[in-house]
């Protein structure tokens, strides 16, 4: 038992160092490899060059990614928050359990399968074609369970007894819920949205054949397809050696976007306490 | 004076800048039972937990002053002893007994496995003798391999005392060990403590004045982080207003 | 007046909630609908256990065996959860027992960051950093099942660590002080009480993580080598998810190829579902 | 509980019915719409500012690059031609595969379908009377081995039969290719199914009855394929002409075999004597609009030639 405890201790330290190290390494290494490419023009220009991406930047991809994520969050937000409110404040215990089971299962649906779903329903059946909207739906279904769970967690702060008590006093439940949710959980709701926003930005599988394209100008409608950062990165990598530095730079931009969203989200959560 | 086992010097403890123990000096003697009484929130449990540094599980605690532990005729500051060694020498039994998720027998084997290199038979002998000491043996002798969590509260508490005794402590700290128990179990534990004091020093926090009277060699009365009165007969002859109030309440 | 508002509010909430919860039903319905026509071309048993995949005809016979992809998926995720088990246990122990509350917060933030890092970036990272190492060790092209497993490990860690930490926190609260009071070393307590007590939830969270691992697409696809062969640890393989991602864009609508990819998607979905349900039932019994 | 459950069920049923019905109704709508569109087109030709290309992974980089420079230099359509309205130029390029390119053009979900293979008669038929084909480039597949392979200098020609046997696994060691070569296993590198190359190679070399060995390593792109052979002394694979030239730019790492005695050179490809080649084209099934024509003109300009060459293909115009 004593040797086992020593082994555990060693595993524990080593694995923590390794994983934190890998994350740091990814950031530092990608920053280092993209040092020659990354500048303001790279961020603000369209991809150019005889072989696309050889010159110019990734501006349409950044804006495209923002379009995709925004669409996804907009689609997912209301179903998520309504489910969370219902499950938290209205549902009885048995239904809550049932709903949680469904949501857990939703979270485990592979993202590529969501792509398939959107491909048949939105791209073909409903005739949206390859578009930001079609991909946005797939992304929305992907982030929905995560949003819902985080919203429910955010509502932990709200005192349910207060709502029930005021309901007995004749104050309407919805009034108290909206008021209390707004007051107590606002920051956490925003941070949940930010986290999922970053999450949606990095996902490629749901959009790879539902809305992301190799080239487009800066998008102007969600019913057109668009470039997206992960797709652009993937295609750059597929083009091989000559584009590697640009791939690193694109990846680094993505990493930084994700980092920024996470930092904002956590600032909101932790500042409160 | 030679019999002093634990000596507290200028001890102050604060939680989040709130003082809970305020400059206490006191000596605990070997082979005596010292009872600490006082209203809740007076710092008696904190004082107890400071002695084996289990107070430090809480990160917000700050302590100052010294606690000295006698060792071969010398006094050694407990902050110079490693926490593990200190806690072996100064055992504590808390209000709510926590049994480990093993069988009764394995619960008791646990400290032996850690501290000793005895063989199976010797371990078994020790376990049985300590079970007899806490008068648990007759109740559980047929169920030693049963899950300890199924015992009653009183049995669990006695099991925990037994488990602590197996680490062979010099000082035994008890934090209201009987508060959740019925009278029969209380009697058993009180009897056990009176018998144990021949071997070790016992410090017990209690809110039950009758119990304190029964067990005492010395009684300390604490209020607002200070020792207001101490001695053998302070309950019969309370001097301070605070103690009188406490006794009347 | 407000009665109406209350009603409207409740109804809106209810409708959206029902919509949310019924997504799964739609998902199954449409996928199966698109998958069914495949079985006009091929028997279910040939589909599941066939080993040849030739969905496009160049005059040859069409074959839709996904057995190697099922094996590939299982193999890659198995490697990932084995590594993940060791690492996540280690890290979760570290977080629970070696860090104070403030540092715990930071670590959880880092875990959230890991789960948000795009999987393409992880794939790229594996391709650029690990793949050359494997290549030097003699693996053809450097891409292999083991590499995919390693990359996948990093990606499922946050998920596993989160659920393990929940268990460890509970047990810590229950037993750590009582055992420490006996003067016993923290890591001895962990080895002798915490780990044996949490074996069950470790296993459960591992199996749940397996669901995630099987569904991960891009990162795995980039480093697994994508060959339609029996997967070997240092050889190539292909997972169901990467099969779909690679070929969906090229499958002509309503061709057998298209239906076969949907059928593969259904298989993947059912695999994760069954595992998920089994874990839930086992987990519920333990409560 | 029961109430909610029944609600869920009815709701999902409703949606499914809506969606199923949707299919038939949309097709009906579509035909109605096309009629409306036709009449409208007859009256005032509606201007088309969005152009969508879809299909072959070989052609998409070329079109993407041209779309980018076209958009960059003109921005709005009125700059292209003063008769056009002032609308933003939006050209989209979606990579898929040649098959998808053809079917997207047929279904009209994409304006142009990109193919990196010969178009099939059945596809031409489906595209209808307005079928138009634009030959952008030619691509040849080299049969390449690693330069370090001792075969270089001993053998410089392989006939179709030999290549077929190697790729199908019938010949599995280098010794079987040439007596004096070591008894090392041949590692075959191919593109994945999605690449038109697979199909071309299948048609030209393998024929109907033989399959490429299942243990052949697939690569996601031609560049990767070339790199893989360059990394494997005992490798062989059909690196694309462009990828072959690109990887050999600094140092000869790959060596191409003659196929049936014909060397893979630009002249031989253009003249058609080198047989492992394919056309890179895009097709459409509708009347080309003015805006589309403007972009097509741009593709077939000198800029287009440059871009095609830079991407490793041989311009077909």
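What to note about this one:
By letter and in written order, the chains are A, B, C and D; residue numbering begins at 1 in each of them.
Going forward, contacts are C-beta pairs under 8 Å (C-beta built on N, C-alpha and C of every residue); 3 or more make two chains touch, one makes a residue touch a chain.
Everything quoted here is computed from the prediction, not taken from an experiment.
Between B-C and A-C, more C-beta contact pairs are found at A-C.
Geometrically, the chain at the heart of the complex, using CA-atom means, is C.
When each chain is reduced to the average of its Cα atoms, D sits farthest from chain B.
Between chain B and chain C, the centres computed from C-alpha atoms are 50 Å apart. Chain B and chain D, compared by their mean Cα positions, are separated by 81 Å. Between chain A and chain C, the centres computed from C-alpha atoms are 17 Å apart. We define each chain's centre as the mean of its Cα atoms; on that basis chain A and chain D are separated by 32 Å. Chain contacts: chain C has residues 14-15, 19, 21, 26, 30, 185, 188, 192, 222, 249, 253 touching two or more partner chains.
Along chain A, residues 1, 121, 209 each make contact with two or more other chains. Residue ranges on chain B touching chain C, taken from their complex, read 52, 54, 57, 59, 83-89, 91-92, 94, 98, 100-101, 110-111, 114, 160, 163-164, 167. The residues of chain A lying in touch with chain D in their complex are 46-52, 56, 92, 94-95, 98, 121, 125-127, 129-130, 209, 213-217, 220, 224-225, 235, 238-242.
Chain C contributes residues 100-101, 174-185, 188, 192-193, 196-197 to its touches with chain B in the complex.
The residues of chain D lying in touch with chain C in their complex are 4, 7-8, 11-12, 15-16, 19, 95-100, 102-103, 107, 187, 192-194, 199, 202-203, 206, 208-209, 211, 214-218, 220, 228, 231-232.
Across the complex, chain D meets chain A through its residues 1, 4, 19, 22-23, 26, 30, 50, 52, 54, 60-61, 63-65, 67-69, 71-72, 88-96, 109, 220-221, 223-224, 227, 246, 306-307, 310-311.
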